[in-house]
Every structure is written in structure tokens, then in C-alpha cells.
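Each structure below appears as C-alpha cells.
The same subunit A turns up in both complexes below, where it pairs with subunit B and then with subunit C.
Presenting the complex of A and B:
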């Protein structure tokens, strides 16, 4: 393995825009002439039957143009169930299913009036009992959310190999644990749900921050009943996403209003409203694990309860990911996971960085430490004994959708034992804590994910401009990862141009270039390959044109250092472009040209590990936890831009500190208790450990351009278990749910008990 | 239906004069208008971002007479006679402010939404303390949330800018 070194690299292409405030986010876009403002009416109750809705006072307010709600949808050419089954309908019908469910959208001449009018919409609510956990929602007699279904159960998922009962018969030690990951909010800094819409002729135009523009455009087309190519969604800079950014119901409703009113409409979401758009799936992981006399895992049986919130907006992928990661990276001869998913009266859960895997990684990694300590084995040694080693194979293969594929999985390429040792070494020599009330501990955690190939191909186009520069078009939103910079690096390197000669467009769905979405750490691989293919195809066209106009053979021409060369003679691309007026050199490329496969596995399968080591101090008197040292290890295949890779790994870990120590949306007394920036504690600069290291290796074996892999989601899942295991090491007792608060530590220690 | 003005009082306005990025601006603004809206809507200075609107996250940080201030929660009229500096008032691409240059070198940003606020808070720190320690940086900057988690790079950028500025 080769340790990546920080090389001299050009700053990211979006650097100046972002440090000067000139990068344009949707709210920074200039006002469209005649623009109106939308404001939502949202259910204040988690579960309520909706009776009469009276909009007359709202409509009477000066400046109010229209209100869209259940009873007048037909006037807008809409149907209540216009979205796919189980997704939220465009707007609430006779029941509101979570606090924040969309009841109406008001449009007025200015935002203040629109918001006041929204307050004037009178809604009769009959409050119903809410249910706030998957386990409770699946019990007999639980309040039912979707009446017509008669149950809160959505679907069951499972995955198994070997014979679980036989496995437990071989076990000499059996450990049972229940590990809980709560509902959390992604909290991108740019509010979720801000956008701008307009109908121009019969074209629906949207400017919105979303990580899935093509899918959103298709959903919007479905809601509005227009052809998909009539929805032109453009994505400006996006102020973070982590799974929460999408074209919202408010924007779809605003488009319907815009179609009727023939006016552009601005939708402005607040930071507080953002908490009610998307959250992470809460999961409960009940496990029974058996080890034999040699301390080898023989059986793992997991029951997962997945809380999907009020609508089914991402439950399938989260649940499937949870099942395929429930065994970690371990050699488990007899394995079974059974997942149940349920509707609850919480904000609809969507993908959240490391979807489904962050929750199970916390669980399996805490479980491994507990087993190790039960059999008096060092947790690192226990892992070395049980983790899949290079060359070993996973027993079963599955498509992204969960169906089995015949044949062998790709062999493990990751050397976890050496990564773990490097991580522990990175923490340095152990030293005692500075105060007698403090206890110090160390923990390690590992995770594994494979490449989840997107559900469709990825495309990009490359066009030679008359000035000799090249424009790359695509539909992959940059949510901050540095995707446009990645495109620029790949195009420049493939074409032999300087990065200054590459223009990267913002996503625009009217290009009809396909891309499944900037999710699942797939963009560098799949879009990167599409850009590589488009650039290669354009290069061929450029050289063909050069041969035609200047002679020579295609093999004799090269593009290097930004120019065309025939032997020692240099030609500029702009001269070539100018000499052929009317000839447009433009090429589309697809990732399938680089990896012609339609499933995620087989020859193109690869593994990305996550490894982390943590050192903590815990105050036995107060329960206070300080993470002192933290090391992240990752395998990038090939780093295309070091600072971007480092940024993704550090950023994932920082978000992980939040999940480990602070973040939980608490639902009590029929309400969410802390859905605002004051009460929802996010990680701050002072929460970053004084020693915070990132160690990246480059094996060069990734399926992306120049051997790159995706790494964006490898650091986040390791944090909570590494910190939890370090706390366990320090205090000698485990904590079985995140966030690990001082209160939970004191309760685990038995020094804090409820008053009798 | 007759139009009503239910619940919406006509706003009182107040005459205001302030300096923004070295230029004097004067005009009448509603008494309840916050500085963020004055900057973004009236002056078109959209580099300052709106996020939590409750003085928690720091995305809207500007300098008011050199002090970092959450413009989302600061009434515009309170800046009467004062000097406001926004991200647009720092350097240019050819001649960036040392703190902007350091943020670029260390890539102290990812999505960029909080970056203007981070840079203005950092600028305020260096105006106040030209050689902050790591603890002082972390303490001062903990009012500016970066959900992309660029804190290590931001802290490195601030240390770097402080060293270079002192070296002159």
C-alpha cells in the first residue's frame, strides 16, 4: 500500500467563488420579473384528522394571489395522489401524518404577506394519538397512519446464509445486545426547500438545490402531468445536502400555482422549517452473536426495526443497506438479518450520509467490543481474528435492489488488520489523564462498503468552444464535495488541457444527460467515467479534424499542455476551432463505455473500508466526554484532488462526532422537542479533537477514472462506534445508544439513577 | 372579496445612514428590518448568507465596526452611523485578503454556504488578536457552524493567515 502524499495541486475551481461570497446559491439569484412569494401551511400536530379548511381570511388579505389546498387541487389540474404510492401526496388530504405535513401553499406579492396569510388559513384538526418508534408502530393496537393500509408495516427485508441454528449450536459464548440509533437531522447550512419556479410557455422551470435533478424533474413532471422533457430543473451551488436536499412538495405546488397565475414564484424555507422536511431513519438493532471456543464468530442473528417516518421516501435503500452491512466486514459463517420497516408520525426519513450503514456500523462494532471483552480478548485482536482477509469472499452477492446474483463475489482487497494497527499507532504512546476524576480509553472501529452502482447510466458531454476551451455539461449537483472540480480534473487530464481551459456547467435537466444522483459515494466513479469517456470521444474528434485540416495521421497528433502537437509543431485549439466554422465538435460519454455492466457486482465490484481509532477522556464525576485523539484511515484507489478527499473524510468524521455525542431529534408528548438550531446541538470547531489525523492510501485499483474510488461515506460510520468503544474501554461499561451523553455514561456507571 | 390588511400593520420606517464596505448608504428602512435583509435585498450583497435566523449558526456574520455580528438578528437601524464590512468588502480575486488566500490554500470550505460567515468571524478574530492560539481560535470560531465539517482546515487557514500577516 502506498500512503498518499499531499502534492502540489491547483485549488478547487470553486475556490474564489466560495471565499468571496460570489458563488451563487438559489436564494442569491436575482428576482424574476413579477415574482410572487410562497409560504406553506403546515400541520402543527404529529397526527391529526383534517376537517374543514377555510382559506377565506387568507384570500381576503391584500396582496394574496392564491391558496392551493386539498379542496381546490382540480383548479390547478392536479390530483391528490399524484405522487407514487406511499410517497407523500402533494398535499394533505384528510389526515396530517407528521408535524410539518403540508396542508396548503399560499402565494402573495411579498414574503411577509404570504407568511401572514398562511397563518390565516383556518384548519380544523382533530388530534390523534401519534406513534414515534417503529417497534411501537408495529404493535397491535398502535395508531395507524395510512388508514387504507390497515397496518404501519411497510415491508420486510432479510438476508441470510449458512444455518443460523446450527451456528449457535457451535457457540460456546453468546452475547445479546440491543443497539439504538435515533432520528437525526442532516442540517445542511442552506435551508432545505428554498427554490424558484416559473412556467415559461409550457415549460416548467425550477431552480433548486437537489442532489437528484433528473429524478426530481421526472417526479415533478408526473405531479404536473407534463412530459418529462418539459421540466427544466437547474441547480445552482448547493449549500450542503447529506441526503436532505431535494425538490420539495412546496416547490411542486408552487409550480402548479405558477402555471395558473402565469407568474414566477419564490419559495423561501427557514432553517427551522428545514427540520421538518427530511431526517435520518432511526434504527433498532437487536442482535444475538455466538463465538466458538477459539473466539471465532460462528453465528450472528439480527432483528432490525427501521423507522421510516410518515412517508416512504427512502426506506428501501436505507433498509437494504442496513441489511447488507449488518455483518460488518466479518467472517460470519451463519448469518441472518430480518428487517421490519414501519411508518411513524415523524418527519419522513430520507437517505442520510452513509444511508442505513451508519446505524448498523455503530451496532455491529459496539457488539464486537462487547463480545471481545466477554471472552477476555483485546478488541483489536478479536477483529484481526474475525475480519475478512485479503482474498476471502463474501458468501452471497446481491444487486442494489436486493436480488441475489449467482457466482462469487469479488475477493476482499482490504487489509483491515494492518489498517487497524496503523490507526492505533497513529494515536501515539498512551499517557495517563491529567486529573484524577478522568479515565482514559481507546477504541477502534471498522466498516466496509462496496460500490452500489446507480440505477441508471451516467452521462456527460464535452464541447470544443471557438476560443479553444472545452465545456463539460452534466446533471450532477455539487453539494460541496468538489464534484465540479473532479469533472475539471478528469476532463483536463484526459484531454491534455489545462484546467483553466475547462468550463464546467451547472446541472440542467434540459440537457437530458442522465445521472442517478450525487449519492452513495458514486459520483467520482460513475460521473468521472462519463467525463473521461466524453473527453476521450471529443479528443478523437479534435484529432480527426486536425488530420483533415493539417494532414498527418491520427497517431501522430497529440494534445498536451493545452495545445495540439504534430511532432514539434504546436497548434492552438482555438485556431483549429476557428478554421472550421460551422463544425461543432461535441461528444457525449457514458460510464458504460468504461465499465459495460448493468449490475454493481462481478468484475467491477470493489471494496472501500472505513477504519478509525479514537482516544477519549471520560470524567467519572460528570460523565463529560472529550475526544482527544482521532485517526481516520481510508483507501481512495487514486486521489484526484487531495484536499477534496481529505475534506470529505474529515467532514464525515466531524458529522460523526455529532452523531456520536450530541445529535438526536427527541419526540415526546406528541411533539418533536428540539427542532431548531438553538436546541439541536451540532458539532462545533471546539469539538474537533486536538489530534485529528487523516491517513489515505492509494491502491490504484478503483473502477473510476485513473483508478479512483468513492470515499465520501467511509469516515462517518466509524465515529460513533470508535468513540463508544473508547468510552467502554475507559469506564468499563457499555452505552448502547447514540448520542452518548454524559447522562447515559453516568447511568451506565450506576452513579445516576432516577429519584424513587 | 374585499381586500383586508388583517394582522399586518403598516411598518414604521426610520432614516438610516451607514457605511458598507467603505461606501456611505442612506435611506429609509422599516424599523423591524434586519441588517441581513438590508444587505441582501436592498444592497444586493448576497455573499452574506441566511441560515438559522436565530443567531446560532454564524452564516450571516458581518463586521459592525470591526466586531463579528449576526446580521440576521441585528436590526438595520442599529447600524446607524456605523461601518459594516461584508465578504464583498474584503479582497479581489487578483488581490485577495490574506484570510481569503489562506482559506483557498487550506480549502477551508466545501459547500461554501457558511464560508462568508467563517471568513468574517476569522477576520474579526485577527483584528482583535493577531496571533491567536489553537484554543483561542476554536473558542472564537465555535459560533460559526460548518456542517461540511471543515473545522480543521479553517483553523489551519486562520493560523496560517495570522502567521503570514504578522510576518507582513
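Presenting the complex of A and C:
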């Protein structure tokens, strides 16, 4: 393996704009002429029957233009049945299912008036008992959210191979554990749900931060009852997403109002309201694991309970990912995971960076440490003995949701034992803590990720401009990952131009360029390949034009260092472009992979590992935890931009510290208790360990441009288990749920009484 | 979002007091707004007028008259943290100011605002109680001084009169021979538990102790009973008594479970910190003596 080095590279193309404040986010966009403002009316209750809604006081307020709500919805010409049946309706009907469920949208001449009017909408709520966990929601007699379904159960998922009963018969040691990952909010810096909408003729225009513009535009077209190409969604810079950024119900409602009022509308969300748009799925992982006399895993049986919140948004993917990752990267001959999913009266859960996998990686990796310690084996040694080694395959055949399918996934390429050793070595020699009340410990964790291909192809276009520069168009939002920079690097490198000659457009769905969405760490691979293809196609056209106007053969021409060369003679691209007026050179490129929907990981062609090692101090008296050293190991295939890759891994790990130690949305006494930045603890700069290392190797085996892979989600899942295992090592007792708080440590130690 | 309000900007404490007298319930004092504006944004508190006392020159700055340090009420936490007089004479107060919220809150919030808001999760209160500090309250009728211990009444409740302006805080350094400590645990932006101590130890025994604990009960309190109990004990024994003070502390403070932790956890941590604060103060004092 070759260790990647920080090489001479240009700064990211978005750096200057973001550092100087000149980068445009949706809130920075200038006012559209005649713009109105929207404000939402949201249910203050987690579960309530909605009786009469009286908007007369709101409408009487000076400056208020209109209200969209249940009783006048039919006036807006919307296709409401086009929405997925388990996703939220555009607006609440007779029941509000979570605190923040959208009851009405008010528009007025200014934001203050709109907000004031929203407060004047009188809604009769009959408060119902809420249910806040999947387990409780699935019990008989639980309050039912979606009355017509008669149950809170949504669907079951499963994955299995071998014979689970047979596996446990071979076990000499059996360990049982229950590991819990709570509801957390993605908490991007930019609020979730801010946008601008307008109808220009019969074209619906939207400016909004979203990671899936093409899908959103298509959904909105359905609701509005217009052709998909009549929705032009443009995405400015996005201030973080992590799965939370989508066009919202408020924006769709605003479009309906805009069409009726013929005025642009600005939708402004607050940081607090953002907590009520999207959260991560809470999961409970109940496992039984067996090892034989040689300390080898023989059986793993997992029951997963997945809390989807009030609607189904994204529950399928999160649950399926949880199933396919529930076994870690281990050689488990007999495996079974059965997942149950449930509606609860919480904010609808959506994908969250490493969706489904952060929860299961925490669980399986804590479980492995517990098993190792139960049989008095060092946790690293235990993993070395049981992890899949290069050349091994995930079991040949497995059963998914009852159907047996062939497992023809690629063999393991990852050398986990050496990555783990590198990680532990990176922590340096062990030294005692500085104070007698402190105990020190170390932990390791690993994760394995299959390639989740997009549901459709990715496209990009490259166009030669008269000034000799090239413009690349696409529909992939840059949520902060450095996607525009990746596009710039790939286009420049492929075309033989300088990055300064490449213009990267913001996503605009009117280009109709396809892209499944900036999710699942697939953008570098799939969009990168599309940019590579578009650039290659454009290069061919440029050379053909050069041959036509200057002679020579196509083979004799090259583009290098930003110019065209025929032998030793240099020509500029702008001269070439100007000399052929009326000729437009433009090429579309597509990621040529075919994307079948895979049932588990049967189609996986390569794997990406996550490995982490952590050292912590725990104060035995107060339970306070400090992460002192942390090492991230990643395998990038080929790094296209070192600082972006490193930033992704560091950012994922820092977000992971939040999940490990701080973040949890608390639902108690019928309400969410901490849905604001003041009471929702995020990781701070001082929570970043003093020693924080990122080690990236490049195998060049990725399917992306120049051998690249995606790595954006490989560091986050390892954090909570590495830290949890280090705490376990330090204090000698495990903590079974995140966030691992000082109070939980004290309870595990027996210092405080044992209670949930 | 914020409701419209009128901002009044008096230039003297007397003017400010007169405005408060004139406007009664319709007005609130603004002294940095670190907490007030949060409540206003959430609509928990609505007011027609804000009387900004931050613009009153006499409410700013720290002075030392040879005996007493006087800190103007509108002195920001950052200024308190960095002020040479405070750092030298009231070091745990400087330390506590440096732990409040974050740098933006410390640059904006003021010591007077913090005291008047009377959030039980205040940082400066515990050191001020250990210093037997007093507040200076002014109104058109005159000026009065009140020990911080009498000024603090309960959660969000003080002894200030509706037309009074808190103009300053006065504190003496701890007497010669005292060591001191300020310890805190935090998880959110406010402390979960904080403890301040001033201890005079002689020949390995506690000769005199002042102890205060914040955040756990309705207000920050001096622990006079515990102070008496530890006086005369060896340092290690006193530390143990502090650590085992939980049952009495629970009765004194009547803690509740909340986001920051269970009552049991808060009492446990408070006692750990009390034990440590006694030990650290005794040892800093001994280190200074030797």
C-alpha cells in the first residue's frame, strides 16, 4: 500500500468564496422583485387530532396575502395522490403526527408579518398520547399514528446465511447485548428549509439547498401537475446537508401559493425549525453472538428495531443498510438479521451520513470487544482472528427478504489486520494518565462498506467557450464536500487544461442532466466518471476541429498545459474557438455503468474500509471523558485532491465525536426537549483530540476517474465504537448506548444506581 | 423571531432608574442580552421597552481602592476574565468568567446581567459568594449595598427592586493565608455543576473554609454547614467529608432531573468537585506558604 502524501495542489476552487464570505448561499440571494414571505404553522404537539382550523384572524392582519391549509387545499390544483403513500402529505389533514408537522403556510408582504400571522392561525388540537420508540410503537395497545393502517409496523427486512440454530450449537460461549443509537439531528450549519420560489410563465423556478435536485424537481412536478422539465430547480452553495437537505413541504406549498398569487415567495427557516424537518433513525440492535472453543465467531443473530419517525421518508434505505452492515466485516458462518420498522411521533427520519451503518457499526464493534473480553482475548487479536482477509468472500449465498440469491460480490481486498495495527501504532507508546483519578484506555473499530450504486446514470456536459475556457454543467449539489472542485480537477486533468480554464456551473435541473443525488459517497465515482467522459468527448471534438482548421492527424494533436500542440507548435484554444464562429463544441458524458437495484451487496465490485483507533482518559469519579488521541485510516483508491479527502475524513470523524459523546434528541413528557442549538450539544473545536491523525492509502482500485473511490462516509461510523471500546478498556465496564455521557459511565461503574 | 420593541439608551444609572419607574412592567433592562435576547427570540419573554444600561459609562471598568475591587455591572465577562485587578485579587472570579458560554457570549454578556438574570447555572456567582461579595443597587432614591448571598433569591429571582439598577459588584480578596479553587463540569453551553472554594489551612488542618456550589439547586449557595463541618479537620479528612456530603446536599438543594443529568448524578458530581475544591484550595494555600 502506498501512503498518500500532501502534494502540491491548488486550493479548492470554492475556498476563497467561502473564506471571504462572497460565496452565495440561498439566504445571500438578492430579493426577487415583488417577493412575498412564507411562514409555517406547525403542530406544537407530537400527536394530535386536528379539528377546526380558523385562518380568519391571520388573513385579517394587514399585509397577509394568503394561507394554504387543509380546508382550501383543493383550490390549488395540486396532484396530492401522486405523493408516496407513507411520506408526509403536503399539509396536515385531520391528524398531526409529530411536533412540527406542517398545518398551514401563510404568506405575507414581509417575514415579520408572515410569522405573526402564522401565530394567529387558530387550530383546535385534541392531544393524543404520543409514542417515542420503535419498540413501544410495536407493542399491542400502542397509540397508532396512521389510523388507516391499524398498526405502527411499516415493513420487515432481513438478511441471512448459513443455519443460525446450527451455528449456536457449535458455540461454547454466547454473549447477548442490546445496543442503542438514539435519534439525532444532522445539524448542518445552514438551516434546513430555506428557499425561494417563483412562477415565470408556466415554469416553476426554485432556488434551494438540496442534495437531490433532479429527484426533488420531479417530485415537485408531480405535485404541481406540470411536466418535469417545467420545474427549474437551481442549487446555490449548500451549507452542509448530511442527508437533511431536501426541498421541503413548505417550499412545495409556497410554489402552489406562488402559482396562485403570481408572486415570488421566499421561505425562511430558522435553526430551531430545522430540527423538525429531518433526523437520523434511532435503532436498537439486540444481538446474540456465539464463538467456538478457538475463539472463532460461529453465529450472530440480530434483531433490529428501526424508528422511522412519523413518516417513511428514507426508512427503506436506512433499514436495508443496517441489515447489510449488521455483521461488520467478519467471517460469520451463520448469520441472521431481522429488522422491524415502526412509525413513532418523532420528526421523520431521513438518511444521515452513513445511513443505517453508523448505528450498526457502533453495535457490532462494541459487541466484538465484549466477546473478546468475555473469552479473555485482546480485542485487536480477536478481530485479526475473525475479520475477513483479502481474497475471502462474503458468504457465497445469502437470503434477503426470503429470497435466496447468488452472492457474486467481489472478494475482500482490504487488509484489516494491517490497518488495525497501523492505527494502534499511530497512537504512539502508551503512557500513564496525569492524575490519579484518571484511567486511560485504547480501542479500535473497523467497518466495511459496499458500493451502493446510484439508481440511475450520472451525466455531465462540457462546452468550449469562445475565450478558450470550458464550462462543465451538471446537477450535483456541492454540500461542502468539494464536488465542484472534484469536477474541476477531473475536467482539467482529462482535457489537459489548467483548473483556471474550467468553469463549474451550479446545479440547474433545466439542463436535464441526470444524477441520482450527492449521497452514499458515490459522487466522486459516478459524477466523476461522467465528467471524465464529457471531457474526453469534448477533447475529441476540439482535436477534430483543430485537424479541420490547421491540418495534421488527430493522433498528432495533444492538449497539454492549457494549450493545443501540433508537434512543437502551440495554439491557443481561444483562437481555435474564435476562428470557428457558429461552431459550438459541447459534449455530454455519462457514467456508463448499469445500475441494477441490488438486493444486498451482490453487485459490489469493490469495498471501502473504515478503521479507527482511539485513546481516552476517563475520570473515574466524575465520568468525564477526554479523547486524547485518534487515528483514522482510509483507503481512497486514488486521491483527486488531498485536502478535500482529508477534510472529508476529519469532518466525518468530528461529526462522529458528536454521535459518540454528545448528540441525542430527547423526547420526554410528550415533547422533544432540546430542539435548539443551545440545548443540543454538538462537538466543539475543543472536543477534537490533541492528537488527530488521518492516514490515507491509495490502491488505485476504485471504479471512479483515475482509480478514485468515495470515502466521505468511512470515518463517521468508526468513531462511537472506537471511543466506546477505549472507554471500556479504561474503566472495565461497557456502556451500551450513545451518546456515552459521564452519567452513563458512572452508572456502568456502579457509582450511581442502576437505572435506565 | 424578535417582536418589535423600543430601545432606550440612558447615559446615567439615575436616568435608567427613572425610565424603569416610568415604564414599570413594560420595560426590561438590557445589559448584554446573552440570555435575555434568547428568551425574547423564543417568545418566552415579551417586552415593549429595553433599557440599555451598557451605554452608561459609570457601569464600566474595574477599580481597586486598596481594599475592595469594584467591577462595573456592564463589564463584559471577557473584560472580567482579562482584567489585571480581577486576575490578581479575585483569581477564581476571573477563571469563572473565562468559562462562560463561548467567546461571543463572553464578549457580549456582562457580570451585572449575569447576576440579575439569576440563572442557577451561573459561573461568577460561586466565586462571588466565596468572596462575600456585595452588589451595589441604585435608584433615583439612592444607593444600597447587598451581599450577593442576599441578592440571589431563587431561580431567575433576585432582591432587586423594579426601579433599581445593579451598578457594580464589590469584593475583597480572600484574607491572607487562603487558597482557592473554582471547578466546573459542563456538557452544554451552561455549566452542569460548579464549585468554588476558599480555604485557609494551617499545619495540614483546615482553619477556615468558604464553599459554594452552583447549578444543582434553585440558586448558587454557600455551604455554611459543610464549612463548619470541615473546619478543624485534616485536609484529607475534609476532602472525604466533602465527597460524602451528598445526602445533606440533596436536602439543601432539592435537585431535579433535567437535560444536564439526573439529580443523583448532579449531587454526586457536586460532591466530587467539593472534595477536590477543598483539597486544591488547601494545597494552593500550602504551596503559597512554603
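Note that the second predicted complex is superposed on the first by the 726 of 756 C-alpha atoms of A that agree within 3 Å, B and C clash if a C-alpha of one lies under 4 Å from a C-alpha of the other, contacts with A are read in each partner's own complex, and residues count from 1 in each chain.
The rule is short, and it goes like this: a residue touches a chain if its C-beta (ideal position, glycine included) is under 8 Å from a C-beta of that chain, and two chains touch if they have at least 3 such contacts.
Model, not experiment: these values are computed from the prediction.
Q: For A:662, decide between first (touching subunit B), second (touching subunit C), both and neither.
A: second
Q: Please indicate which partner A:44 is in contact with in the superposed arrangement: first for subunit B, second for subunit C, both, or neither.
A: After superposition on chain A, A:44 lies in contact with neither partner.
Q: Check the residue A:112 against both partner chains and state whether it touches subunit B (first), subunit C (second), both, or neither.
A: In the superposition, A:112 contacts both subunit B and subunit C.
Q: Looking at A:686, would you say it contacts subunit B, subunit C, both, or neither? Reply first, second, both or neither.
A: first
Q: Pick one for A:417: touches subunit B only (first), subunit C only (second), both, or neither.
A: Neither partner.
Q: Examine A:624 and indicate which partner it touches, taking first as subunit B and second as subunit C; both and neither are also allowed.
A: Second partner only, subunit C.
Q: Hey, is it subunit B or subunit C that touches more of subunit A?
A: Partner touching more subunit A residues in the overlay: B.
Q: In the overlay, answer first, second, both or neither for which of subunit B and subunit C A:678 touches.
A: It touches subunit B and subunit C both.
Q: Let me check the overlay on chain A: which residues of subunit A are in contact with subunit B and also with subunit C?
A: 112, 270, 272, 676, 678
Q: Taking the complex as given, what residues does subunit B use to touch subunit A?
A: 1-8, 40, 45-54, 56-57, 59, 86-88, 90-91, 93, 96, 100, 103-107, 109-116, 119, 134, 137-139, 141-142, 144-155
Q: Applying the document's contact rule, which stretches of subunit A touch subunit C when the two form their complex?
A: Contact set of subunit A toward subunit C: 111-112, 115, 270, 272, 621-624, 662, 666, 673-674, 676, 678-679, 681, 741-743, 746, 751-753.
Q: Where on subunit C does subunit A make contact in their complex?
A: Residues of subunit C touching subunit A: 1, 4, 38, 42, 185, 187-189, 259, 261-262, 264-265, 268-269, 272-273.
Q: Going by the contact rule set out above, which residues of subunit A touch subunit B in the complex?
A: Of all residues in subunit A, those touching subunit B are 11-12, 14-25, 27-28, 56-57, 59-63, 112-113, 116, 119-120, 186-191, 237-242, 270-272, 479-482, 643-644, 646-648, 650-655, 676-678, 682-686, 688, 690, 692.
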